[in-house]
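Alright, structures below, take your time with them.
Two complexes are shown next, each including chain A; its partner changes from chain B in the first to chain C in the second.
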Partner chain A sequence: MADVKIGAYICKGCGIGDRLDTKQLAQVATRDAKAHVVREHDFLCNADGVKMIQNDIDSEGVNRVAICACSRRAKTEAFRFEGVAMTRANLREGVIWVRPATDEAQETTQEMADDYIRMAVTETKFMTLPQGSEKATYNRHILVVGGGISGMTAAVEAAKTGYPVILIEKTGTLGGSAGKAWRRIPQKAPYANPEDTGVAALIKAIEGNSQIKVHLNSTLTKTSGAPGRFAVDITTESGSTTTENVGAIIQASGYTEYDASKLTEFSYGKAKNVVTQAELDAMAKAANGAPLKNKDGKEIKSVAFVQCAGQRSTKEGHLNYCSGHCCLDSVKQAMYFKDANPAIDTNIIYTDLRTPGAGGEDFYRSGQNKGVTFTKGQVNEVTTDGTVKFKDLILNEDTEEKADLVVLATGMVPNSGVDIEVVKQDEPGQWKSNNESVLNLDYRQGKDIPLLKQGFNDSHFICFPYETRRTGIYTCGPVRRPMDMEQAMEDATGAALKAIQAVENAGQGRAAHPRSGDLSFPSFRREGCTQCKRCTVECPFGAIDEDEQRFPVFNEARCRRCGTCMGACPVRVISFENYSVDTVGQQLKNIDIPDEFSEKPRILVLACENDAYPALDMAAMRKIEYSAFARVIPVRCLGSVNTIWLTDALNSGYDGVVLMGCQKGDNYQCHFVKGSEMAHYRMSKVNDTLTTLNLETERVATYEVAITDIERAPQLINDMAATVEKVGMSPFKF
Partner chain B sequence: MSANTAVVERYRNSFLKEVEANVEEGQWVKMCMQCGVCSGSCPLGPAWDHPPQEIFMMIRAGKRDEVLTSSSMWMCTSCYNCIVRCPRELPITHIMHGLANYAHRLGIAPKNQPTRKFAKLFWDNLSKKGRVNELKLGIALYFMNGLVSGIKTALKMAPLGINMVKTKRMSPMEYFGGHGIKDTKGLHAILKKAREIEAAKMQKF
Partner chain C sequence: MAEIVATNQTILVVGGGISGMTAALEAAECGKQVILVEKNPTVGGRVSQLYRYFPKLCHPTCGMEINLKRLRANKNVRLMTMTEVTGVSGDAGNYSVSLKINPRFVNENCTTCGACGEAVDVQFDDEHNYGLGQRKGAYLPHAMAYPQRYVIDPRIIGTADADKAKSACPVNAIDLNMKGESAKLTVGAIIWATGWRPFDANKIQPYGYDRIANVITSVEFERLADPHGPTGGKILRPSDNKEAKNIAFIQCAGSRDRNYLKHCSRICCMASLKQSTYVREKFGDEGKASIYYIDIRAIDRIDDFHQMVKNDPNVTFVKSKVARIDEDKSTGNPVLHGVNTEGYQRYANPHDLVVLAVGMEPSVPVGDFPIKVTVNEHGFIEQDESNGAIFAAGCSSDALDVNRAVQSATASALRAIQVVNRAAGMEG
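What follows is the complex of A and B.
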């Protein structure tokens, strides 16, 4: 490794030079922090300033750069230097914008800036330039699991972009649920009539595409490896297995219609004229345009549609969500009758009519125009002779209607494989495939993608809907959330693009979302590892396996670089080249801690770089002030916070510690899904540490902070300042 | 059909079709999306037995007798609040009048509904001579609710009447015959013809 040569560059622009003594900052950088090259500049981000830094890199051999200017979130275009490890001291958003420009405040404001210089230079000392993984593999093949409308669309879209596709389908035909339907909800203006499903055309496109290889009657019996180098076993019904290598995987395993026989109150299975939506579509497809007849051969003259049958209900065994497609599908099906013969009566009984999509409302209107009756009502019972008993919610009365055919709009149950919380992974060396599983991953954490609520595969719902908790594996269609065909096709197109991105990133050893492009990855010191498995268990992305001796095996292509493993490791042997227990730990140890009687406490703030840190930056833009005693360090994810940082901070005399992560739980906003949750769990045990040190437990506070908490985030810091004032200074200042 | 609609006829298109055929703007009824904005906007809404939203649902539920014998649509004052606000742009006011008119023609509109009574007085008065005889209409209106209340109202209004006569705004002679348009016969023929045309248009249900 080349000698460490640190350059610290102090900007005087944006008011920094007016508010702070930059000469002193330069001195701190040189004398205290021991930077090798220290320069001030009037406008560091302008062409001249950038050139000055580049010159030092090129001719002075500077290989660590500390930009002491604005926040790391500003001017990222200007401050981009190849081949050096870099950090920022946030003098603008972190100091002058959050402090009043008064004489009394001057001393503490300058001290704040001095510390940020010490921290930045120290951090660079412990950083190395990420080199990227040697294991990075480039494989352009994309595996699509499921030959329904989502899977087929994904396959066609990926192939169109020039990426070869392997498509596997469990049954003997392509088409899936959509293939069994007669028509689909219209996707084009004027959104007035049911449309051809488009399935036949998709099948044709796939059959005529040499880039797409189809395996029918096949399932995945094993998936191992990582993005760029997945090895998948494809097994046919007859038991023969082929192994293929692929770069990324799209899971489009679709849904199964809710089992209507559970709906005994609707006489399903008992009455011949009670069918599900899917069954009616199958009947229509079989009739191929001829008038629809009941099972007993009688012509159908009246139809009642029961919406939300066993859905949006908290009753035992029911689905408590909305499947999203059923209202418009009932409109579509009512039109099967109305278009053929306007004299047929059709009544859609709904509690809330939901018409998603651009054309949804138009299609509803078209149904009304054609004379479909829409009744706001709650169906309580369907008798065996087809009498629908319901409460008319507009007329507020119990009533009933006799219909020749009753159609139940039952919901979608995702084919999401096994619940890995319930079906634990086999021990290393004893791995077996599981028939219930879709992916049959050999990952240590389990065979399928983790589930969120209601059994749908977890994908980052609020921010990055395609990103599952298994890197390089994207879910699309109703396995991810309930949706109709149009949404599924759009979803599949997006997933295909994400898969392509994953292939390209994996080929270069770059991280996928949200630290896209990051070349760093965690490595561990085997000699120090106690095989405690914390990292394997806590990694939100299942990136870590175990070898036969129970040592962790890191798969960097699966890793999202959150650092949760680093935070979890009790013996601190996990680190990244540019982010480690030291890069943060040394920063917090290298600030100036005034003595107990100075009335200058120190508060350590560890803030998630995705939400809390930007919130603080935005607070600064609004000139919302916070305590001059705070020292804020951004972390990749609160999950990466190792408790040693807290212990170190408390031992070195910090008076309070504030931790800011994202919302956790089912409605998580954490970029790394489980990171914040893991951190909160870890911190719940920190009280013991405090008690051992004989410190008040209020000195450490952990919060969920959203990016919009612009006023709250600084307030939390001020709250801690108030707490410290109340409980007094820490006795640990030496 | 009994007021208690037979189960077989409920939630069928039958009554809706009748309304579409015979009621002014009736073809709009099926487009109502049951948002309730009309009922919430009607200044007299709380006084109606069935506000417009409900009337539309009753039509769709097949409640023919209940709708046509209802006094509700007679309550409409043509303020147009509902029309202006209906997100589905239903001409609600017109439909209310259309329904009232249809019920009247079928002879099943509520007999003592005051709006209906006055409308009838007005029309009978007007169609006789082609001009409204204000004196007769006024007096008929006073006596609409019976002799005693008629005399009371007439006495109360007498000073106003006398003043009007004094200022030549009204002639008491109008009570005896009164004047009309030139060709009353022609008018009656026109009205007769119009009735024939309308009756022919009316579909049987």
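What follows is the complex of A and C.
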């Protein structure tokens, strides 16, 4: 490793030079912070300024760069230097834009800037340039779990892109639920008629593709490793196991039809002529175009479709969600009858008819044109003779109708494996496969992907629908959320891209979402580790396992680089090359703390770099002022905040600490899922520290801050300033 | 003519909204070369004009921040704003594309210090706020705008204001002589992500959008609720700037109607349910919302959000297609007339404010595509082999919510990669 040579570059543009004494900033950088090269520039981000820095890197050997100018969110295209560790001192959005340009404010504003110079230069001292993990491995194979329409589509699309696929299916045939259907909802204009399912064509495409290896009657009995180096045990029904190595995994394990026998009010199982949607499609497939007959061989002259059977209901045992596809599938099924014989009565009884988009509404209209009846009603009972009793919601009266066949639109129950909150992982060395599990991960946190609401493996993020909590494993189709075939195929295509991307990222040691491309990764000092397991337990992505001696194993390619492990570690042995207990801890310790009688308190603000920090930036763009006593440090995630930073801050004489993370709980907005929640939990324990130090508990406050909180975020800082004024200065000023 | 390096292994993404950005980034993060063109001065599209997303009620700017970070960090994407596609010819794996690059009159020296904006006097309707407020003739489109760089409105060129802006700039970033440019490039595949526009509410005559001040659209309502919006996040009605606490939401305003848009725009039900929570957020128990609907389409697992709103005693659901809206001249209140079809009762309900849940129309009218693509009668691009390597992403393909638009964009990115990989393979 070359010697550390720090360059600090102070910009005088954007009013910084007018508002601040930049000579003094330069002095602070040289004298206090010990930067090796310090230069001022009138306009640092223009070509000349950038060239000046590049020259120092090229000819002066500068390898750490502190840009003392605007926010790290601004001018990123200009300040892009290869091969050096870089940080920013935010003198514009962080100082002059949040302070009034008055004579009285001058002194404290300058002190604020002085400190940010000290902090930035200190930070660079403790940063190294991430080199990427040496353990990065490249394997282009993609494993697809499930041979239904989603899994088959994912396999075909990945192979088409040039990535070999291993497809496993637990039954003896490909096709899944879609393979049992007669026709599908149309996917092409004019969206008027049911169309071929396309399943046979997909099966043919797979069978004729040398890039796709199919394992039928097989399940996954063990999945270990990480993106780029997964090892999977594929076990056949007869018990023989083969191990394959793959780079990424797509879980397309589909759904099971809701158990209609729970719907006793609809006489399912008791009445012969009450069937589910799936059963009707199977009947149609068996009839292969011949007129549909009831089980007793009688011709069907009237059909009633009961929508939302056991769905969208909070009744015990029912599904409280909508399965999305059933309204359109009932329209399709009504057409099976209408197209064959327009004299057959078909009545779809619904509460809200959900036929979204262009194709959906066209198909609904086509149903109307073909004479399908749509009745807004709530079905209460189906008797054994096929009488449907319902409340007609338009006429506002109870009524009934007898039908030769009653079709229940029951919902989708995801095949998402075991709930790891309930089924805990076996101890290391005693790991056993579980029949209920889909993936059988040997990860320390459990065998399957954590579930979201209602048992689905969905992503929680609206903007990032594929993000599961297990890196390099993507879900698609109805295991992710309820959906029809068209959406499942689209979903599978997208999942194939994500899997390919995971393969490529893993090959180069790059992080996946949300720190895409980040080359840093956590490492730990083994001799200091007490094997407490907190990092293993708290990692939101299940990246960390334990070896036989119970030391953590980080599995870099599974890591999302949030730093929650670093925040969790009580003995502070976990760090990233460019983000560590020191890069933050030394910053906060190296500011100037005026004495107790100065009336100049110091408030440490640790702000999530994705939401709270941009909120403060945008507040600054509007010139919303906040206390000159605040020193703001962006953190990767509030989960990465180690309580030592608080202890250090309080011991060094800070008067208050404000932590700003994202919303936690069910509707969490934290990009690292659990980071903010973990931080809030840890901070709830910080009172003990404060009490030990004989400090008021109000001195530390933890908040959930949204990126839109442009007024609230500065206010929270000002609130702390007011609190400090109330409780007084900290006695810990040395 | 501008020099742009691109080959038949480059993917062109047209449109820098959430779908286009996603498609571009997903492809780039697979290692592909991407050119992302956006006709506006900033990326972000319609989602940057939303206050919250359903069903989580989180803020679109939060995800946008991540996407911007990805964009800044990725050298595989070249972003061209203020750029339009004027022509496309060729076939899959080898398209020739003509671009028109409009002048921003501001170069990369801009530091967003804001001096030009302060110097300029003239104001124009603020597009970001759907014209609900005004902005200067030299402006930053919004706080999250990227590139983070001011724009000079071409309408001030040649006026004294332009000179004021130029002389106010301390970093010589304003170039009033900047000219529009054209460019030609070769690409292997094209992702079409030009998104949607709100249906023109003026066309729904019985609802009086053009006559009644307190009838607004759902997209405008988003701006009222947003702290970055024209009212600083206060729900104030246009006629008298009074707080609007009793708000009607009219579903299918322009959708599912043979006279306007035949299709269902999918998002509007969830959007109104979401907006009903804004009313409660801002006014607590004093806030009341009434939703006039045909069917509540809270599709799939997000139906729980619908159930949550339904359980709110301050939110009323009326199954009715509103027949017409009058204005009570004395109060400025819009009065809704119609029949509640659940029980057939006629109503004449006054509200403080009416929000029309306007439908989604594809941005590019049928017939305006620069190359032949298969478009359905609603103007959405069909997935069809005859489109060659032109793939629709997001709302160019159907009326989609953000989640599905991103899903669609990710799928389109893969389809485009398949084409450029084939092109690469052929070249050995």
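Brief remarks follow.
By our rule, the second predicted complex is superposed on the first by the 728 of 734 C-alpha atoms of A that agree within 3 Å, B and C clash if a C-alpha of one lies under 4 Å from a C-alpha of the other, contacts with A are read in each partner's own complex, and residues count from 1 in each chain.
Quick note on the criterion: contacts are C-beta pairs under 8 Å (C-beta built on N, C-alpha and C of every residue); 3 or more make two chains touch, one makes a residue touch a chain.
Because the structure is predicted, anything quoted here is derived from the model rather than measured.
Overlap between chain B and chain C is detected when the two structures are superposed via chain A. Look at A:L408: by the touch rule set out above, it reaches neither chain B nor chain C.
Legend: residue contacts after superposition of the two complexes on their common chain; A:M86 is shown touching neither chain B nor chain C.
In the superposition on chain A, contact of A:I707 is made with chain C only, not with chain B. When the shared chain is aligned, no partner comes close enough to touch A:L659: not chain B, not chain C. Of the two partners chain B and chain C, more chain A residues are in touch with C. In the overlay built on the shared chain, the residue A:G371 is in contact with chain B alone; chain C does not reach it.
Of the two partner chains, neither chain B nor chain C is touched by A:A252.
Of the two partner chains placed around the shared chain by superposition, chain B is the only one that A:E400 touches, whereas chain C remains out of contact. Using the contact criterion defined above for the overlaid structures, shared-chain residue A:G360 touches chain C, although it does not reach chain B. Of 21-29, 39-47 or 57-65, the segment of chain B running into chain C after the two structures are fitted on chain A is 39-47. Residues 353, 365, 376, 394 of chain A are contacted both by chain B in one complex and by chain C in the other. Of all residues in chain B, those touching chain A in their complex are 7-8, 10-13, 16, 30-31, 33-34, 53-54, 57-58, 60-61, 88.
Residues 302, 304, 343, 345, 347, 353, 364-365, 368-369, 371, 373-376, 387, 392, 394-395, 399-402 of chain A are the ones touching chain B in the complex. Those residues of chain C that touch chain A in the complex are listed here as 18, 22, 25-26, 29-31, 51, 53, 56-67, 69-70, 72-74, 108-109, 111-113, 143-144, 147-148, 170-171, 226-228, 256, 262-264, 266, 295-304, 307, 319, 341-344, 376-378, 380, 382-384, 398-400, 402-404, 406-411, 413-415, 417-418, 421, 425.
Chain A contributes residues 13-15, 43, 45-46, 70, 73-78, 157, 160-162, 187-191, 312, 314, 320-324, 350, 352-362, 365, 376, 393-394, 396, 453-454, 456, 458, 460-466, 481-483, 487, 490-491, 493-494, 496-498, 500-501, 504-505, 513-514, 516-517, 610-611, 614, 618, 621-622, 662-663, 667, 669, 671, 706-711 to its touches with chain C in the complex.
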